[in-house]
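Chains: A, B and C, in written order; residue numbering restarts at 1 for each.
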Amino acid sequence: MKMTRIFVAALAALGLSGLAWAASSGQRAPEHHHWHNAGPFGTFDREAVQRGLQIYQEVCASCHSLDLIKFRNLGETGGPFESAEFPNANDNPIVMQIAAGYMIEDGPDDAGDMFERPGLPSDAFPSPFANPQQARGSNGGALPPDLSLIVKARSHGADYVRSLLLGYDEEVPEDVHVAAGQHYNPYFPGGLLAMASPLSEGIVTYSDGTEATMEQMSEDIVTFLTWAADPHMEARKQMGVMVLLYLFIFAILVYIAYRQIWANVKH
Amino acid sequence: MTEQNGALGEHGQEPSRRDFIYIAATGAAAIGGGLAIWPFIDQMNPAADTLALGSIRVDVSTVTDGTEITVMWRGGPVFIRHRTQAMIDEARAVPLGDLPDEASRNLNAGMENASAADENRVLRPEYLIVKGNCTHLGCVPLGIGADTGDYDGWYCPCHGSHYDASARIRRGPAPENLPVPDYYFESETTVKIGLSPDEAAQSGWVAS
Amino acid sequence: MSGPSTYEPKTGFTRWMDQRLPIIRLGYDSFVDFPTPRNLNYWWTFGGILAIFLVIQIISGIVLAMHYVPHESMAFESLERIRRDVKFGWLIQSMHANGASFFFVAVYIHMFRGLYYGSYKAPREILWILGVVIYLLMMATGFMGYVLPWGQMSYWGAMVITNLIGALPFIGDAIREWLWGGFSVGQATLSRFFSLHYLLPFVIAAVVALHIWALHVPGNGNPVGIEPKSKKDTLPFHPFYTVKDGFAIIVYLIVFAAFVFFLPNVLGHADNFIPADPLSTPAHIVPEWYYLPFYAILRAITFDIGPIDAKLGGVIAMFGAILILFVLPWLDTSKVRSMRFRPVTRVFFILFVLACLGLGWCGAKNPDDLVFAIGHDAEGVATGFKFVWFAQLLTFYYFAYFLIVLPVMGLIEKPLDRPASIEAAVLGTAKA
């Protein structure tokens, strides 16, 4: 059928144009990494998410907020401390302990004053700065972005963040002038950014004994941030498999019915 | 004859095979449609952030010597009153016959059908914990520091209901005692209000 | 084609109902016994697919509105709350966002189907025009819906598109300010876009009802473009086309589900996961993919045309590209509907489809990027064929197809021999 062929060709052209689109812009393309959570059946490596949380707490959190993540999320279905024993994440002792490690501003109290109290599972990770102005002021004018959605908010999200974290060792090209307070990284758009390499060998001591190499830490923190950006990923994929399975069976049944109904009709 | 049989056979079999496919396809559509509706219904149930506030932990270490606090729980007030021995004695001295509402109004495990005796209204006698909406029309009654009414409990200013030191209705239009939420003491000073079914079963209400 | 009604109420209730509100009769005549050409192919199933997607979009949208907060400082977070905390919120939000794309894929196929088989020709001009109205309403609804998440691309997309209005002479600025409800895209804009985004789908549904009505007066067109002449040319809609449409809908839903569950964000843009910031513009503002061809036409006009400056020229060209579809039934002078019998025009049609896709490609690129490099200039910068030139070429062809090819080819092309009837076409020729 002529028209069918036209459309197949057209769709192929559309797909190609999409690929070409993704390849534009000056920065170096991020290195592709194989993630545990990739693919239709990929799940989060719980231990990597836990280690990534440790890196966030000990390294990233001094500048970067994580506004959208509540402590309870850590213990919810799909989270790093999900536990069959504590279906309600609010009662999960690990979650409560992590939350209690932070002081959260609350109030006003009966005298009208704000006060600090230990965190509860329903609280979000507190921001290191009171407002964006303070954040800029403390970072030489650059605003450290919130990390809750960073993996979704950059093209090639996980690969990009990992490449960026590992990309500081590169030789600065001769035509690039690195001003004071700037750092060269070929994976960043424009090549210059205010953030110095946040990771260095052994900057954290993993509580599970894993060796804190650059590769290991980059993978862990990005896995954590991927979870933070998409905490329902596992539920989404599981349901997707069931829905597709159902639709395939349904399609076959309807196709057989279609063949039967049209069996004696020329068309 | 063979021809006739063949024709019969076709007529006898084909409709049933056809019917099976139509029934299977229609059934698959019905099942799929039914399941697909569920997310659109369930989304109206309380979301995770709302549920996260379904249970709260309250530090009662500062609630002493006959004082009381009001905390927000599930969108409404909860009264937590510390009772001195005199207040406890007063509440326990009231004969059941004087009470307009003789039910415990306490849904904690084992207390559902108990009487309104003060023992059935508290887990620890010194702490009285009740929901703070008048059972008449939902106003918030006044307590210590404002107006404790004629029975040393609470007084509802809207239509003049008086509650006693066990938060039981004594006079006025309110039909029932102030209800007791599900709670238990996690420690000496921390009370958890709003329980999962498992916790409710182990809350200690049954024993007391 | 909608001859006398063949509905006969059988039970007491249906007889009673039929004398008071003959709605069962209407349904029976429209969707059960409706005589439909027997030779419709799968390109004709996209009408049913579109109906399903309108329903999916309306239901998921009503649900999202229960949780969404149309406020500058809360919209972005409320969307994340839907994805994270609302039960099945991630699913419903993904269905709605991807549903918009699948709605547009289906409508584009439906429209190209109409162009190829001459579905716009007499006596179906009103049917076609109502379809273009629906398409315009979809564009407006989709645009305003994309603003609601209040991410960077939402904000700056809204900024760019509303600024187009400012290109109109004399009244442009006033209209733009009226549209914004302020001096820039802001809270007032967000609130009204939310209100209209909720309203327009119901307007679409109403126009769809008219579209179906206008379809059921002359009846369906068909691949050979010859009106049914006898009962042998048609089949009752049910069960023949309910099952065929049903199968196509399920297959389309399989592709849809693959995106909803496994690629929920690939059709969106990463920048829209950054909250809107009026102080920082994304490096590269691109609209949703379904607007890209028109975005390319807008940017292709880089030169003044007499008193019309380039900016206004671009706006006129962009709207003209859609509005020209309204007069299409009178531009095509050929008496033959189907391109099957127009061998030369068919080649122009294929080029037209490719031009539309090419314009989409141009819309996604920077105008100064190169389609292909030829060499380097004195400073070592690559030179070659720029996207803006490519877009200009394709824009010219886009308009030439409607204004030159269709009017002229209808007069000079000698069509192939056509079968005497649908029945003859079905029985007479073996299928390729």
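In this text, a residue touches a chain if its C-beta (ideal position, glycine included) is under 8 Å from a C-beta of that chain, and two chains touch if they have at least 3 such contacts.
Quick caveat: nothing in here was measured; it's all calculated off a predicted structure.
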item: Most widely separated chain from subunit A, with each centre as the mean of CA atoms; value: B
item: Comparison of B-C and A-C by number of C-beta pairs in contact, larger one; value: A-C
item: Subunit A and subunit B, separation of their C-alpha mean positions in angstrom; value: 38
item: Gap in Å, rounded to a whole number, between the CA centres of subunit C and subunit B; value: 51
item: Centroid spacing, where centroids are CA-atom means, of subunit A and subunit C in whole angstrom; value: 33
item: Subunit C residues counted as touching two or more neighbouring chains; value: 84, 91
item: Residues of subunit B whose C-beta touches two or more other chains; value: 48-49
item: Residues of subunit A engaged with two or more neighbouring chains; value: 247, 250, 254, 257
item: Complex contact set, residues of subunit B against subunit A; value: 18, 21-22, 24-25, 28-29, 32, 48-49, 52-53, 55, 57, 196, 199
item: Contacting residues of subunit C [partner subunit A, same complex]; value: 38-43, 77, 80, 83-84, 90-91, 94, 109, 112-113, 116, 235, 239-240, 243-244, 246-247, 250-251, 253-254, 257-258, 260-262, 264-265, 270-271, 273-274, 283-284, 339-340, 346, 350, 353-354, 357-358, 360-361, 364-366, 369, 426-427, 432
item: Touching residues on subunit B, where the partner in the complex is subunit C; value: 39-40, 42-45, 47-50
item: Subunit B-touching residues of subunit C, taken from the complex the two chains share; value: 59-60, 63, 66-67, 81, 84-89, 91-92
item: Subunit B-facing residues of subunit A, complex; value: 70, 72, 76, 87-91, 120-122, 246-247, 249-250, 253-254, 256-257, 260
